[in-house]
Each structure stands twice: as structure tokens, then as C-alpha cells.
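In the two complexes that follow, chain A is the common piece, with chain B as its partner first and chain C second.
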Partner chain A sequence: MWNNLPSDLLSNVFSYLPPHSLARAMVTCRHWHDCARSTTSRHQHPPWFVALPTRARNLCFVHNPIESTWHLLGLKHVPSLTRPVSTIPGHGLILFKSTGSVPLQLSVCDPFTSRFRHLPQLRKPRTNPAVGVIEDCPSQFNVYVAGGMCKAASSGAASYEPTLEMFDSRSKNWTITGSMPIEFAVRLTVWTPNESVYSRGVLYWMTSARAYSIMGFDMSSNKWKELSVPMGDTLEFAAMVPRDGKLAVIGGTHGVNVLVWELGEDDKWNVIERMPVELGKRFVGGSTKCVGIEGGVCLYKEIAKEMVVWRKDRNHKNKWEWYSIEGCNQISGKRLENYPIKGLFLHPNLACSSSFF
Partner chain B sequence: MSFSKTIMLRNYDGETFVVDEVVAVEPQTIEHMIEDGCANTSIPLPNITSKILSKVIEHCKKHVETPNSNEKDAKADLKSFDFDFVKADQGTLFDLILAVNYLNIKGLLDLIYQTIADMIKGKTPEEEEEMRRVNAWVFSCFVGVTCLYFKSKKI
Partner chain C sequence: MAEFNETDQTPTVDPKTPNLGDSTTSSQPKPEQITTIDVAVPIPDVGPQLQVVVEEFILKSGSDDEEVRTAATNELRDFIEHEEIGITTLLVVVKYAHEVKNVDLLDAFCERVADLIKDKKVVEVREIFGIVNDFTPGEEQALRYEHPWAFED
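Right after this comes the complex of A and B.
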């Protein structure tokens, strides 16, 4: 009987399945395999937290938020001397960059299939620029690179590179989209090593340490601006988070006093949330980091330590809830090292490999 | 007593259902038919049985009649109605999804899709393993990229 269900209706049913259930459905029979492949996920499923040990390049921990289970993936092809920068979340990809004082080399990796691909060389090779990602639609993404240092051709002395370059995932090419004021090139070089947030037509980067500040590039007007971060010189950790299309910042002191601010229409910050004190008390000590995505934020330390998540409630769309999740300290009964990690979020592509590869 | 407009729906079995217009327009397909002026005598729904049509009307009525407030009671009442509504046998669910898809009733469609998805989600790994094993000969050709997630060690 169910075999007579039209394929488009079956695809619609599949769009309600979380990533791992969809992947399981895909291997049950040919018909389901084909329907699952053509399913467009509705992304009403919560994002997955990915933890990459900073000292073990080939390991990747992922947390399934629906079953609340940790999984350990082996990343075979990630070269040494690279580090993760951010994700291309809708495509389920991690963006890596080369470390050290070599010209920037970016690559993408699908942690679930271990597929890995280098992006082509930049038009203007540079070291330590800011790297940003914009996903306009499910079939395309753009990577932006701004600032950085390059060697001047004649004298060999290094200088700041005041240009913005864009990579188009469809044409697989870099193009220089424009120039930028030198003072922004300076601020974006070295000091903005982390993920960007795209909100209301502006691509934002935040400096990586106190005193925090944010630089933004308005795509339509081609103008750069700088924003101060609330409590920017007292926060011990902070991260930008896209929240319902708006820019938000989560940050705290000593892991106890954690606040979330949202940027209003007038570029003013409003406090919208405070982490519950009981959760904060369990989080004291050591260095806390945080990362966010549309629909979720995670505060974490090392892999084995408890983490705190603030996430959109699946049942009540406008409600967000605080959860704590246990860290991961063993595999198959064997105790694991308590790795320091870089945390990221993405929507896994378990049913089929990204078309980018 | 105010006069409320009613619409006649005539279905596959030849039966007619008289419903208030406000209920009848829940299905977008019917709303469009009325706007296009096709509803002078009765609206034909030849591919829907009486059993299914009366269930659909029951759902539309309940959702139209429940006040659209954010009150906990009203919401809980609707939720419990929906929960009981989809406790149907698979045959009914199958017929429902085809009918509701044709009628284009967004809320009810979401509910049924979610119900069927939950039925799929509920399979134990053993049941899925059995399904995979039985169909393995079909899959030897299709499994291209191996998915490391399932080979990964669950912690």
C-alpha cells in the first residue's frame, strides 16, 4: 500500500525526518533511496555540534541532538598545519585554513564522508585575512576573504592587502569584488580568525579577544563600519550568533555571568537573555568558549567537560531553552583524553554527499 | 440567529456534505474553487470517500471553532485532539494523506507528514538491518559514497 504513495509525497514525508533517520531510510530500498536523495530538508531539525580536537587533526566528535549521543569520526584527508575556521552549515561542510605564515589556502571537508577538497588559490595571495561565508541557497555558497598581508612585488616588504575577494561555489572561482579602507584591512588581519555572521545584508567579523569589537561590510552599499561590543573590554569570552536573521552576541565573565545581546535596527545592543544562574555555577573555572548558529548556541570547554546549549525549542517556535549536555570522555569503554576543542555547528548531510565535491 | 453561508461538497460515493463556508475554505483547493466561482451548486470531490471526507471536515471544524488564542487550555485541547486524530490505522492514514494533499490543508498536512515520519523514525536498528539485508542485492549498485556516520563508533 505505501509503495503506491506518490514520490513527491514520500519526499515530503522524508523532509520531516532528522538527518540520521533520513540516511537510514535511504538504504532500505531503491524507491526510498531515490526519494530521500531528492528530499530538501526543512531545517526544522536542530543543528549538530561538531568538536574538533585542536591537537588531533584527524578526529572529529559530533553530537546528535535528537538522540543526545556522541559519535567519533575519523577525518582521513585533513592535512597537517590546517585548522578549522568555520562551517558552511547548510551544506554540512567544515571550512579549514592553512596555518602559519604561508599564503592562505582554504579547503572544505564533509566530516561524515571524509570527502575533502582544496579551494583554488586566491587571486591576491595573502596571509591571515578574515574569512567569511554566505549561504544564499541550498545549492550555492560564497566564501569571502578580506584583508591580510601580502609581499609587495618589488621591495619584498610585507604590506596590508586592502581588497575583498569572493569564491563562488558554482563557478569554483575567486574574484576580487572590491577594495577596502586600509584601517579595516589592518584590523581584520590576524585579529579575526573566527567565523563570520551574515545579517541583513552585512557580513560581520569579530576580533578574537578582549577588547572585543565587530567589523561589518555592507554588501549593497560597499561600506565598512565598526561596532562596539557590549561590555567589550570586560567579557572573557564572546561569539557572534545569527538569531532569526539578526546579529546577536553571547558573552560572559568567569562562565557565570553569561548574557545575550541582539543588535537592533538602530545599531544599538539590547540584552535579550541571561543564562540561568544554576547552569552558570556548574560552568565555572577554566577557559570557556562559545559558538553559535541560527537556532542554537553552545558554551564549551574541553571535550570531556559538560557543555551548555541554548536552543530553539522544537515544539514552540518562539521559545528558546537552556540545556546542559554531557561531554564525551570514553569510546567503547576506553577513557579518552580530555582534548581541547574547537566547537562548530552544522546541519549534517548524511543522506547524500554535497554537490560541491 | 445570523445566516451563515454554507457550501455543499459532493464526493466519490455521491454523498453530499453541507458545511459552513468558514469551515469549507480551510482546504485551499476549495477556497480557490469558490473564488473562481465554481461552487454554485456543489463542489465535486470525486477522489475522496465519505469516511475520509467526514474525518477531514471534523478536523477543519475543530480548528475553526477553537478560539485562536494563546491560552494554554485552548492550545492543549487542540493538541490532544490532533494526537487522537492521527491514531488511525495505516489504511486511513494513507487515504488521508492523499486527500489532504489534494485539498491542500496546510496544518493537517504537516500533522500527517510528521505522523508518518515518526512511524519511520521508530524502527529499531534490528528491523532496519533486516530491511537492508533483504534489499542488499538492489543496493550493491547504488551505494556510492560510504557514510562514515554509521561506521563511526557510538560512544
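Right after this comes the complex of A and C.
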């Protein structure tokens, strides 16, 4: 009967389940619980938007895209003086970094299971480097740190660190894997971008404010390049988005014009989409932010304000649709503050099979 | 790919114990004629329509031509999407696909089973699949508490 099917068979069935259904499968009986715990999701379901209040470190809002519901998770182990910078989306992890002028300390947190772990110290401790992530496969991820400032041991004078370091989640070690011209080290340090996109063998970072531009590190040739961002000095908000393995940029001027560009093979930008004007009215005035992941983009302000999502249609794989999502102003009947938030995307990982922790 | 074994006797079609060796003849397998893995494992009784669909799929999935295999997978998924397949039958097919190690057949039916679990409540899933809850009330409560967001309805 269904109670005692071979574990690998049940795990195969469960690999097709969205997160809330998987969580419920875990409660049906012991055998299903054990199989669900060792399931590797196929990630066929839309990613979840995660909203972290910038001033309430232990709270984490998550939006279930299938049921269109908001939930509040408590983050128990996140230390003070850290802030979220990006995610390792396929593994369901949030990447945190230390704040202040101390050498960078990175850590990862799984908001659904409250597991938390510091990454080891960098080979070359530095302050304010750029941070990037590449996920090659479900069982491994790499974190990259580029640029930053280093204190020379003898003189105590600080200088820009023109190296790139990589953390391998399997060996759990940092290694120095590349270098850069000093101008890139300076720009990566000054702008300290935390969101990266890996496309066609290049790891891209974008400056965090106007005038937007992009720096890219070609992994195989070890060369750096610079790309201009379309309308880079007019855009008021912008973010990079991976789109079917290609690099895209979404950006806009407040309330009026939100466009999406995709980088072609010749490193030229093409406009591929324009946000419908009615949706844009939500973003007039005030600071709009955006964040992207393979399969979706979200434009947002504070937690209680309406958000706009541009996402792959569940039923028609090649179509993308614009949706608006109501913000979250109450949980279980209790009214909440309208927190300013940092928005991120990830795929919840309920299996304890992640060997990283 | 299953081999076609020439025998002296005229091949007979026996609807009760089908042989998946090939689509042109159906005959009782004789021990000395069995040469490949899948040939020896007959598909259990899943009703005539589904049986034909599965047999055809297994045959085509062994093809060297990728287009044939892709078309077969699409046809199978189409069939699964539009036909009502009972839960007991699904159990039989899924176990069978697992046993004969046909990955595409297994994946297609596993996804169908997942469709029956998706978006349902725990008690509904237990009822549909005839699952007996072997957790104590305390254990179940603790598990629900691990992911309260999944149980908020």
C-alpha cells in the first residue's frame, strides 16, 4: 500500500510537490515523513518572495505564490550586526553579512528550518567587497567575494584588495581564484554590490545606485569587463535578473516607465518587455526596489504596500505574466507595522538533506 | 530492446498474461527464450486501455531515435492528463515502472500521483491514499509546529 512504498519511489513523487504540500506530506505518517525529508525538489514551482524588515532582525515574511498568502517566520539564530544581502536560491538559503567596518563575515540561514551557520574567515580578510553566488547543482554552491579593502599587516594602511575569492560549499573552504585591475577593485568596493547574476560563464555585478553600470568576471578567461546599463543615468531603480540563462535588467523611473532589457550575444541590450502602465501607478514617488531570480521579478516598497511581480506562467512555460500582490499588514488578525524591507527570492528547502549544515 | 524470438508454434494472443517483449506477438514466455530484462516482467492487471498505453510506451522508449522517445513521452503524458486513473491502478503502475526501471514511465506517473497530493489537507491525503497515521498526537502537533505556515488554513 501507499504507506510502505520504496523510499526512492516516494521521494520521486514528492520531488514534484510545492513546499506547502511537501510539509503536509511529512505529517501524514512516519514513512512519508522520512521520505519527504530526503526529497530533492525539482523546483518546478514558482519561487517564494521573502521580505526581511530592515529594522527587525528576527522577522521574515514569506509569500506563498501558489496560495497567494503571506506568512511570518521567526529567525531565531541571526546575530545582531548582520544584514541580509542575497540568497542561494536553489538551496533555500539567505546569505547574511556582518555590518560595520569589520572584515567581512558571511553566514547562511535557512528561514524555514531556522538553521544558521557562519562561513569560515576569508583567505584575505577585507571590508566591503562585492559578494556573489553561483549554484551549479542541487548539492553544491559557490560564494564569491571580490575587491574590498585590506589592512597591510606592517604599516596598518588600508588598500584596495584586487583579488577574487571563492567559497566551495563541499570543501567548506575559501580559495583565491582570480585577480582584477585596481580600478575594478575600487568600483567593487565603493558600490559593494551584493546581488550577482551568472550567465554564459560570466559573473556579473551591478552598481547599487545611479549611474548604473555592470562589471563582469569571465570565469574561464579570468578577464573583467564593463557593460553600460541602458538608461543607466536616468533609471531610479534597477536590478539584474537571470532570464533563461541570459542576463536581463529591469529598471524604471518612479511610477512612469518600467522596462526590461536582455543582453544579447553581442553584448547589446534589447528591450523585451514594458510593465503595463496601470501597474506602474503603484510606484509613483518614494523608493521603489526590485529583485529578480530565474523565473521571476518583484518590484516592491514597504511590506504593507502592494507589490508587482513579473513571473513565468505556471501553465505556459514560455509566457511571462504581470501580477500584483497585496502587501502584508496583518498576520493572524494582528495588525503590523509597515516595515521597510529587503526583498529576496528563494525556493524553500524543507529537506534536511542539505549537507551544508 | 526486446528481442523477437522465432518459435515453431504459431504465436497466440493471450489477453490474461500479456508479454511485453514486442508488439507484434504475445505469447507465454518460455524460460529458455527470455533474453532481456523487461521482457520477463509482465505488467499486472491495470485494465486493457492502460495496459496498451504502457506497453506501447515501453516499446517506444527503447528506441534509438530521440524524436520517437520524445513523442512517446508526450503521448503518455497527454493520456495521463486526460484519463481518470484510479488510485489503486496508479499504485500498481508506479510500482511496476519502478521495478522495470523505466525512468520516463516512472516520472510521468509519479508526477500524476503528486497531482493528487498537491494542495490537499493532511486528512484528505490520508483518506485518498488509505494511510494510517502512526504518529502520536504529540508527535503530529510538533511536526505541524515545525512549519506552521503550511497548516494555516
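Descriptive notes on the structure:
The criterion applied here is as follows: the second predicted complex is superposed on the first by the 340 of 357 C-alpha atoms of A that agree within 3 Å, B and C clash if a C-alpha of one lies under 4 Å from a C-alpha of the other, contacts with A are read in each partner's own complex, and residues count from 1 in each chain.
We take it that a residue touches a chain if its C-beta (ideal position, glycine included) is under 8 Å from a C-beta of that chain, and two chains touch if they have at least 3 such contacts.
Since we're looking at a predicted model, the values are computed, not measured.
Placing chain B and chain C on a common chain A by superposition gives a clash between them.
By the document's definition of touching, neither partner reaches A:Ser80: not chain B, not chain C. When the two structures are aligned on the shared chain, A:Ser21 is found in touch with chain B and with chain C. When the shared chain is aligned, no partner comes close enough to touch A:Ser101: not chain B, not chain C. In the superposed pair of complexes, A:Asn318 makes contact with neither chain B nor chain C. Once the two complexes are laid over each other on the shared chain, residue contacts for A:Asn3 go to chain C alone; chain B is not touched. Once the two complexes are overlaid on the shared chain, A:Ser171 sits clear of chain B and of chain C alike. In the superposed model, A:Arg115 lies in contact with chain B only, and not with chain C. In the superposition on chain A, A:Ser220 makes contact with neither chain B nor chain C. By the touch criterion defined above, A:His33 lies against chain B and chain C together after alignment on the C-alpha atoms of chain A.
Comparing the two interfaces of chain A, the one with chain B and the one with chain C have residues 1-2, 5, 9, 12-18, 20-21, 23-25, 27-30, 33, 62, 69, 71, 73, 112-113, 350 in common.
For chain A in complex with chain C, the residues that touch the partner chain are 1-3, 5-6, 8-9, 12-21, 23-30, 32-33, 62, 64, 66-67, 69, 71, 73, 112-113, 350. Those residues of chain C that touch chain A in the shared complex are 91, 94-95, 98, 106-107, 110-111, 113-115, 117-122, 125-126, 129-135, 140, 143-144, 146-152.
The part of chain B that touches chain A in the complex is made up of residues 90-91, 94, 97-98, 101, 113-114, 116-117, 120-121, 123, 128, 131-132, 135, 138-139, 142-150, 152-155. The touching residues of chain A, when paired with chain B in their complex, are 1-2, 5, 9, 12-18, 20-21, 23-25, 27-30, 33, 62, 69-74, 111-115, 328, 330-332, 348, 350, 352-353.
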